[in-house]
Structures are given as structure tokens and as C-alpha cells.
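Below, each structure is written out as C-alpha cells.
In the two complexes that follow, subunit A is the common piece, with subunit B as its partner first and subunit C second.
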Partner chain A sequence: MMEDFREVARVLNNRFVQKWKDEGKKVVGYTCSYVPDEIFYAAGILPYRVRGFGAGAMTIGDTYFGPFICSLPKCMLQLAGQGDFDFLDGAIITPGCDSMRRLDECWRKMHDDTKEHMPGFFFHFGVPHKYTEYSVKWFVDETRRLIRAAESHFNVAIKNEKLLEAIKVHNVTRELMNRFDEIRTRKDPPVAGADSLAIVLAGTAMPRDDYNRLLGDLVEEIGKSAKKLNGRKRLMLLGSANDDVDLVKIIEGERALVVADNLCFGSRFYSDLVSEEGDPVEELAKRSLAHNDCPRMYGEYRERLKKIKEKVATAGVDGVILQNIRFCDLHGSENGLFERDLEKEGIPCMRLEREYGPIVESGRMRMRIDAFLERLG
Partner chain B sequence: MIVAGCDVGSLTSKAVIMRDGRILNSALIKSKAKPWESADEVMKSALEGAGVSMKEIVFCVGTGYGRDKMKFINEAVTEIACHGKGARWLLPTAMMVIDIGGQDCKAMRLDRDGRVVKFMTNDKCASGTGRFLEVMARVLGVSLEELGEMSARAQAPITLASACTVWAQADVIAHLNNRVPIEDIAAGVNNAMASRMAVLANSVGVERDVCMTGGVAKNDGVVSTLEKLLGVRIKRIRRYDPQMAGAIGAALFAHEKAGGGLR
Partner chain C sequence: MRRETREYNFDWMLWSAFSSASRIKMGTEKEYRTVLKYIPYFRGIAEAMLGTGEAGQKFIDCCAAYLDNLVNARERGLKTAITTFCFSPAIMYALDIMPICLEVLTVMQTLSYKRGTVEFLDYCNEVGYTETSCSAQRGSLGAYLAGVGAEIDMIVTDTPGVCDTNANAFSFASAYLDKPFFQLDMPPQLDGERSDDYHIGDFKGLIAFLEQHSGRKLDLDRLREVMREIEKQDELVAEIEDLARLVPNPLPVPFNFMVHGSRFLFAGMKECTAALEAMLKLGRENAARGISGLTGGVEKLRGFWCYIDHYTQSMRLWQMLDRNGICYEGNILSRSWAMNAPHVKEFGKEDAAYSLDLTDLDSMIRSMALLNSRMPMVKSIRGPYDAPNMWLEDNLNLARMYRADFIVYNGTPGCRNTWGMVKLMARDTEKAGIPTFIMYADAFDDRVESWEATQERFEEFLKVRGLL
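Up next, the complex of A and B:
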């Protein structure tokens, strides 16, 4: 079962997606955790989180984005331009950050030039940067606009009953992931951070019913596991999006364990349930927007800091690694604040700037992490 | 008790043999493509000079990029910790260490016990490293030592437009073709190097006393400019060659780990 998760974490067009497509069903990709994927579950469409994993050369990405920008959307465009996302029937781009917003323009321009690799359904989904009464109202309208567009393009009806059912299924995932989180943060956890990431990644790239079944079995199994990964330094990983299991493996090495995170492909995937009472579209919009884990949301820094300090305490974290992709304005800036405020509380921090994409600096990265572990004693 | 420290870097490899906390001998060679070969050779040289055999070494610590590839070491420690340790031995009042190595540079702050509490390394490119100076010295047709001394004789140092080693090299060639005095170009090169390092040092937070290690610590042009940029005096190291700081730190760790107590 863990092998299933590891495989899905490494293969974009994985066998679950292939089976889904072979059954004649649709797949819609999205780029940000602020997209309520329940909408597509309710439509019988597989929501699939678009990643940049596996991009090698950056010939297409650099052509459209230029050199001085985050490499994550560049890798996504590279893969799209190579045809690696041709299995997608739709794609939703959100202004998670400005670099990601540009993916919308660059993907369209690439299609203008090549006439290839553009999903039939291509939607720019606006997400406000503040959680207020009026922004929630705007976001509810935007969510309904997305629903109408999907209904019209895919010729489906996304009814409230179906949405409610989808919310319940996704809440099951969140509850299972919270149980998994409890296991992962135990004193002597049976699972390493690299596998924890693979488990989360799998949830973004396979049918939710299959995922819940596998996840339920896994939580049951490792909850009783006698395996103990002890004697290692316990780290928390914060910062830019990371969907590369190997990066976590490099960080963990033989001497550390990533027991907690606050990452886009991490705990943000399952934090906060959606209310099963009330209008489902409004509840989905509220959950997404109230989701303050990402620094894209204005005025939420203090809350995020509080949440991280609580997690450091409950997970028994020895040190925090604040990593960011080069040119990531949001996390690059916020990591500086986190470092200042966490160090003030006696929580050791290390900042790590990196490129998204193939890990080519593993020796240098390893040296810096080893030095940090030496500092932790 | 005899211990050893071996530091295999990207440009040079260093080894220090220590008896009861005192340096018996040290050696420095140009690194080879295979780090274990560099380690073997530099250790052999250091041992021969000290009149000591490998069997007499009670404990050996390896550091540098080749630290995990050395066959004869008892333990590997990062160059961050070793440079911190070595710098404190070289300058007991050091609270901040600036190390410019062949292909990387580091700035670190130490606590009262000499432990590294904060550090940063260059993580963008090779500019601001020893390799940068090496390339520029070759273009100018001078030795690294001469390059360092030339700053003092400069009248109007040039400004290098780019931090990129390759583009800076093109700038230097253009200045040579325009018959700009070589001292002014050399001073511009040293200033560019110091500016890159100052950014790193300021990011960590400058704290007195500042100690500089690595081969570039011997370049007075870079050190003087860095002093101006940081607004602090950088203490010159007299106790031993600052380029050996990593290997000295490794040997000191070996001494501690072998039960010789703190040094």
C-alpha cells in the first residue's frame, strides 16, 4: 500500500489516472490548494493537482517566463509543453502568487505559438487575498462561475446533493490525515517524512475513493506498527511548495526526521474540515478562503506564526527548516520573519534557498543541513 | 595523544597533525578530481613532515566536500563547524568568521563556547569565491599574492558591472584593452569580491571580533575593502596559516572526540 503512494508520488500519469481515463472519464488539473476539488468530484471528474516534478531541461519554461522567476510554474509549463499533461481534459490556474498567475498567460501564449498542449477547458480561477465578508461573497460568486463553466463544458450537472456528498468524502480524507498526523508526530514515529510527503502527494493525483480506502488501511496498519524511527533530530519543514520526495530524503539523511510541516503539498492539503451544514458552495468557499496557511493571504502572519509555534511544541520539533524556491517572494519574505520570531523563542531555524526541479546541489545542501544538525547537538 | 584533521576542498586539500593540542605539521595540496586521492596524498605529506605514521593517529576527523569519501577518518564533521572551531583557535576572541574557500564562501556567528549559532553560505554561483580571484588573476597575468597586494597601489579602482564570473572576466579584458592600469583593475576585482562577501556577512549579522579564514584571508586587498564595507576591523591571524582553519578545526574535534578535552 505504501508502494502505491510512493509510485503515485513519482509518476504524473500514474496507473490510477490511466485506469480512470480508460474508463472514459475526465481529468481536470489545478495548480493551487485554494481550488475546492470537491466540485470536480461531484461532477464525476478526477481533480488532479498539477505539479512540475520530473521537468529536466527548461527550454520551454525559460522561453515564456524568463530567468528571474520561481521555477515551479516554469517546470509546470515545461511539462505541459512537452505533452506530459496531455491526459488533462481541463486546467484551472489560480493567482496563488504572481508567478503562478503568469502560468495562465504563458500557457495560453505557448498554445498560441504551437497550437498544441492546451486542455479543452482552461479556466482562470480568481482567489482573493483577504478573508472578509465581501471577499467571501466575491469568492462564492467566483466558485459558482467555475461550477457553471465546468457544467457547460463537460455537460454535467453539479447539484448541491452531489457537492454535499463530495464534502463528506473529502472530510473523511482530512480526518484520516489528521489521524496520520498524530502517528507521524509521535515520540518514536513509524514513518519518515519522505513517506509522509508521498502519502499526501498521492491524494492529489488519484481518485478520492481509492485514496480514502488505501489511506484508511495505511493509518490502521502503521498505527499499530512496532517500527520506531528513533534517535534522530526532529525537524519541521516550512516554506515554498515541494512535491519532491527526494528533497525530504536529503534533508532527513540518516540523522533527522521531518515530523511536521506547513507546506502546500503537506499539511495544508488536509487542515480544516468543510462544514457539512448550510449551502455547500458557500461552505467550500469559506473553507478555502479561511485557509490562512499560505502567506498569499494578507494580514494573517500572526495567526500563522501561532499555528507553527503550537505545532513545534506538540510535535516536539528540535529545529525548523525554512526553505524557499529562488525568487519566491511570498515564502522568501515570510521565512525571514519566521526566522526572527522563532529564534527569539529559542526555536533553532535554518534557511535554505533552492531551485525547484532536479536536485543538482545535493552536496551543498547536505553540508548545510549537517551543519544545522550539528548546531542542534 | 596524536590526532589529525583532513579538509578536502574543491580547490585545495589540507591536513593537520596535532599532538596534545599543538600542531606538529600541516600540508596543503591542489585537490584532485577524486577526493579520496586528495585526502590520501595530503595526509601522507602531513604525516611524513611530522615524522608520524598513520597507526599513531588516535582519531582523525574529515571535513570539506570530500569528507564522506575519506577512507581513513573516524568521523566526518561539516566544514561550517570545523571552520568555526579552527577560527576560534586561531583567534580566541573571534565571534564571527568569514571564510572564503575555493568554490564557496561562508559567514558564521559563534557563541561564547565557539559553537556556530548562525551561518550562511553562498548559494547562487561561484562569484565571490576563491575561484573568482583565480580566474581574474589568470586574465591579468599575475599571481594570487600579487593580485592582493595591487589594491594598495591603485589610483582609481574600476567598478565591475557584473557579479557573474564569466561576464566580469569579459569586463576585465575590456579594461586591459583600454589600457587601464593593472593595479586599478586588480583593486576593482578585490572590491567586487569583498562586496559579495559583505552581503553574506551582513545577512548573518556582523559581530566583533571578526576573523577571516580560507585562502582569500591572505589577500590584503579584499580584507581591507571588506573592513571598510562592514565598518569593523578584521583581525589579522598570526598564529597559523588561515587557509588551514578547517583542517585545524577538524583536528581539534578529533582531539575532543578522542577524549583529550576541550581546546
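Up next, the complex of A and C:
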């Protein structure tokens, strides 16, 4: 099972996707955790989280994006331009942040030039930056607009009963992941942070029914496992999106364990259930928008700090690593606030700025993390 | 931050500089010339503005009055709100709240002080705010984070959905200073019922927030008075914008800055109206005489800035344009989207414009919400750049209407929203036949690229493209 997750975490067009496509079914990519992927499950379409993992160059990304832009969307565009996402039948771009929202235009203009590598369905999904009565209303309408567009393009019907079924299936994932989280944060956990990330990544890139089955088995197995990764410093990882298992491996080395996070490819993937009562579209929209873990939801810093403090306490965290991709001002700046406020509470923190993409500075990172671990004693 | 910088109150320093500048023309010409020797770093800007006569004097008076309100806000019983340039301060004036516009203060400091805002920029980074963030806010925010500015009561921004680094500056300040925060959020589409409802719902939320934190109720008559003044100002701006279409353009280079500066400081207030009236008067006079607003009197080229200017020490950008006979046809900040604006009529963009309805409270709130959603940047940099009513359409229409020979992009490296697509935009405007130049400078920080290097690259562009 774990090998399945590790493989899916490292291969974009993995064998689960290939099998899905071989069966003649569609795949729709999306760039942000604010897209309710239940919609696509309900349509019999595989929702797939677009990543930048594996980009070995930035030639295409730099052609369209300007220089002062986060390398994550640049890597995504690079892969798209190389044809690595040609298996996608659709793509949804959200204003997760300014760098990411411009993937919309850059992808389209690249297609204008090359006449290739453009999914047939391409949708700009407007996600508000606040949770109020009128922003929920907007988001419900926007979600319905997405549903109508998908129904029309893919010639499918996304009925409420199907949505409710999808919500139940995705809630099973969330419940399993919460059980996994409990195992991961035990005193002597049997699983490393790198594998925890692989498990989450797999959930964004394979059919949900397969995933739930494998995840259920895994949770069962490691829940009883006698393996103990003890004697290591327990870290929490916060900040910009990370979908690179190797980055976590560098952080963990032989002396540390990442036992908790609050990342886009992390706990945001599974926190909070969607209510199974009421109108399913409204409930999906509410669950997505109520997520204030991302600093794109402005003015919610205190709530995020509170959650992190709680997690630090329940997971027995020794230190927090606050990382951000260069030009990710949202996470970068909030990391500055977290550092101030967590250190005040006696929680050691380390800020780490990095580039997204191939890890070419492992020496620098390793040295800084070693120094941080020494500080932790 | 240097210890000595902490010794001086930031607002007071600016107030001192601009209130002194507002008086230097009161004496004889000889006294004026003598004073200029003692303000070597403010001299360029003071001369450029005061050289336009009554209009420049009124504008500097506007700046001085604004800063006087800022340093005396507490004594005058005003609450203070940190806010942003693309937010109309009129609603705050209607509630007797002093708007502290970060970007305007950054510009004031960077163009008048030798060291610009360097220490405040860096102070933000010292306390955890990223160095890659926009310098427009950082330049003055550092002073407030360091506690060397006015006491802050609340923080308001309207850039979520438009500009992350802008919105993030205000969100950061709220968390750092532990002050109440309100955001006006902008959906990707400008117009249509959904967007209108969202803008209006959000604006009602803003009013409730302002009332809660100022302890005042919005007064219908006061709001109507402010909006009547906005109506006058929109008329004046529309006529000034119309004059800029003439060849030669009768408006001096600094006017563009002075028009939007007046509105950012005092929208809906009589001080702004007076400055705009004086600008229009000179523009009309020059137009009647058929002369250019350039000091050399000869218009060789017409340039359109599709984003913002370059503001560092003494606004050497203006001097360079004026010296080269380049007429300045405005930037994203200078455009009004009132229904009577010339480009609205010219291109039939009534759907993207606002009009003011003063009938009752609901109609006034609706008007103010739509006005605010049409402020610079907020209006055109929210959705995809090539969508209807967005940046590309505006740039092409405006550059054509003003018969611009070229387009220039300048911003800051912190501007994620434009750097994400400016190459695409420049490619499109080039395809449309308008030479387009992307500056890599920081409008507020010469350490990113020296002005000399910026100027050399710009002049090289003009030469290589055979423009000058």
C-alpha cells in the first residue's frame, strides 16, 4: 500500500490515471484546495490536483510569466507546455494567489503559440477571500456555474443525489485521514513525515474509491504496527505549498520527524467534514470557503495562530519550520508573524525560504536545519 | 532602523516638509530661489509643481492640509484608518475618519527625502514582512509598525482579488498592530448583477465596520454633501482628461500625478475640488493658446504609462520626459470611470462605469460601492488581463484615444498581479502596433535599479525603436 502511495506521489501520469483514461473516462485538473472535487467525482470524472513536481527547467514558464513570480505556477506551466498534463481533459484555475491566478492567462497564451497542450475544458473559478453571508452566496453561485459548465462540456448530469454520494465518499477519506493523523502524532509514531506527505499527495491524484480502500487498509495496518520512529525531534511544517517528498526527507534526515503540518498538500486536504444534510452545493461551498488555513483568507491570522498552537500542543511538537517559496508573500509574511508569536510562547521556530522545483540547495537547507535541531537540544 | 530615525515622527516630518513647501512662494522670487537652495532633495518636485502656478500651489496646499489633519487627528477628534490608494476615502470623510493612505505617504516621502523610504522599507523586513512584498505599502507601513507614526484605530483595504501583496500588507499590519481589519473583496468580474450585489453587500459591511469602530452613525446629509463634491470632481476630471487628447497636450507633465493625488487624498472634499479647478483653468488656457504643457513648448512624443510612475527622489521621471519633449498621457491611476469620462463615451464602456444617484441612502450606498469597485487597479486588474473591461482592453483603448506613440510598464518587483502577465500584455500591445517598454525598476526604491540605469534603458528603447 505504502509503495502505491509513494509511486503516485512521484509520477504525474501514474498508473491509476492511465487505467482511468484507458477506460475512456475523463480527468480534470485543478490548482487549489478551494475547488470542491466532489463535483467531479459526482460526474464520474477524476479530479486531479495539478502540481509542478518534476519540472527540470523553467524555459516555458519564464517565457510567459514575469521574473518576480513564484516558481510553483511556473513549474506547472513548464510541465503543461512539455505535454506532461496532456492527459487532462479539463483544468480549473483559481485566484488562490496572484501568481497562481495568472496561470490562467499564461497557459492560454502558450496554447495560442503552440496550438497544443490545452485541455478542452478550461475554467476560471472565482473564490472569495472572506467568509460572510454574501461571499458564501457568491461562492454557491460560482460552484453552480462550474457545475453547469462541466455538465455542458462533458455532457454529464451532476445531480444532488450524486453530489451527496460524493460528499459521503470524501468524508470517509477525511475520517480516515483524521485517524491517520492520530497515528502520525503518537508519541512514537510508526510513520515518517515524508510518507505522510506521499499519502496525501496520492489522494489528489488517484480515483477516490481506490484511494479510500488503500488508505483504509493502511490505517488499519500502521495502527497496529510495532514500528517506532522514536528518539527524533518532532517538527511541524508550515507555509507554502510543498508536494515534494524529498524536501520533507531533507528536513527529517536521521534526527527529526515531521509529525504535523498545516499545508495545502497536508492537513488542509482533509480537515473538516462536509455536512451531509442540506443542499449539497451549499454545503460544499461552505466547507471550502470556511477554510481559513490559507493566508489568502485575509484578516484571519489570529484564528490560524490558534489552530497552530493547538496542533503544536496535541502533536507534542518540539519546533516549527516556517518555509515559503520565494515571492510567496502571503506565507512568507505570515511566517514572520508566526515566528514572533510562537517564539513568545516558547515554541522554537525556523524560517526557511526556498525555490519550488528541483532541490538544488539541499546542503544549505540541511545545514540550517541541523543548526535548528541543535537548538532544540 | 537607525536610532535617529526613530527620534522623529514620520507624519510630522512629512507635514513639516509639505507645509513649509506650501508657503515658500509667499515671499519674493528672490526669497523663493534662496529657499530652494536649502531643500536640495525636495527642490525638483517643488519647482515642478509650483512651476505650474496656482494649480501646483493648490496641490501642495492639499498635501499640507492632509498631513495637518493627520498629525492633529486626535486633537480634532478624528479616528484614523490605514487604507490604500485604490480606495475612495470619501466614505471615511463622511464618517469623520482620517484616511491614512499608505501609498500616498510612501510617494511623498520617496520623492522629497534624500534617503526616500529606505529605512521604513527595511524595517518591515526586520519585523518579518517579506522583502519581496510591494514597496508602495512598505515605504510608509514601516513607520507605523515601528510606532513612529500616528496612532491607528483600524485598517481597511479593497484589494483582495486584485493585488495580494497590497491586501497582505494591510492584513499583516492588522495582525502585527492588533487592530480591527476590514477587506472589500473583489470578484473576478467587474460588472453584472452578481458582481454588483457582491460589491454592494461588501460596502454595506464596510459601513457597519466603520460605524462600529468610529462610534459614529453614517449621516445621510453628510454623505450626500460628500457625493455632490465627488460629482463636481468627476466633471472636472472628465474635462481635464478630454484636454489631454489635444495635440499638443496642454497639460504639464506633473498634472497627471496631481489629479489622482488630489483624489486619493481628498475625494469628496473641497480641497480636491479647488486643486482640480486650478488644473483645469491652466489646461484650458494652454489649450486656447494651442500650446503644449511641456516647459520646452514642443511636443515630440506622447507616452502612455499603463501602470504607475517612477516616484523616487525628485520625480526624475518627469524631468526626463519634460526634457525630451515627451508628453505624459497618464497612467492607470489617473483614469476616472465616472459615466462622463471621455473614454467611457468614446468606447461605449458604460457597463464598466459608475454614476452617482443621490436619491436616498440605498441609492447612495450603491453608487459609492460601484464607484469604489471602479477605482484604479481595482477596476481593471482583477480578472484575466484579456477579459472584457480589464487591463488589456483599457490599455489599448486609452493608448489609442490619447494617440500614444508608446506604452511603458513600470511597477515594483512586489507586484505579483502584473508581473504574472505583463509580458503577455506587452506582446499584445506590440501586436496592436504600439511599441511597449517594460521597466524593471522599483517605482519607490532606487536600490532595485538605479534611476540612471532605468533612464538609460528607457532612452535606449526610444532610440532602438526609432521613436526619438
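Keep this in mind: the second predicted complex is superposed on the first by the 377 of 377 C-alpha atoms of A that agree within 3 Å, B and C clash if a C-alpha of one lies under 4 Å from a C-alpha of the other, contacts with A are read in each partner's own complex, and residues count from 1 in each chain.
Simple rule for what comes next: contacts are C-beta pairs under 8 Å (C-beta built on N, C-alpha and C of every residue); 3 or more make two chains touch, one makes a residue touch a chain.
Because the structure is predicted, anything quoted here is derived from the model rather than measured.
By the touch criterion defined above, A:87 reaches neither subunit B nor subunit C.
When the shared chain is aligned, subunit B comes close enough to touch A:374, but subunit C does not. Taking subunit A as the reference chain, the count of touched residues is higher for C when subunit B and subunit C are set side by side. Once the two complexes are laid over each other on the shared chain, residue contacts for A:361 go to subunit B alone; subunit C is not touched.
The residues of subunit A shared by its contacts with subunit B and with subunit C are 326.
Interface of subunit A with subunit C (complex): residues 63-70, 73, 95, 97-99, 101-102, 104-106, 109, 124, 126, 128-130, 132-135, 137-138, 141, 295-296, 298-299, 301-302, 324, 326-327, 329-330, 332-337, 339-340.
Interface residues of subunit C, counted against subunit A in their complex, comprise 127-130, 132-133, 157, 160-161, 163-165, 167-168, 170-172, 174-176, 181-183, 185, 187-189, 194, 197-198, 201-202, 205, 383-386, 413-424, 427, 440. Interface of subunit A with subunit B (complex): residues 326, 351, 353-354, 361, 363-364, 367-368, 370-371, 374-375. The residues of subunit B lying in touch with subunit A in their complex are 65, 77-81, 104, 115-117, 119-121, 123-124.
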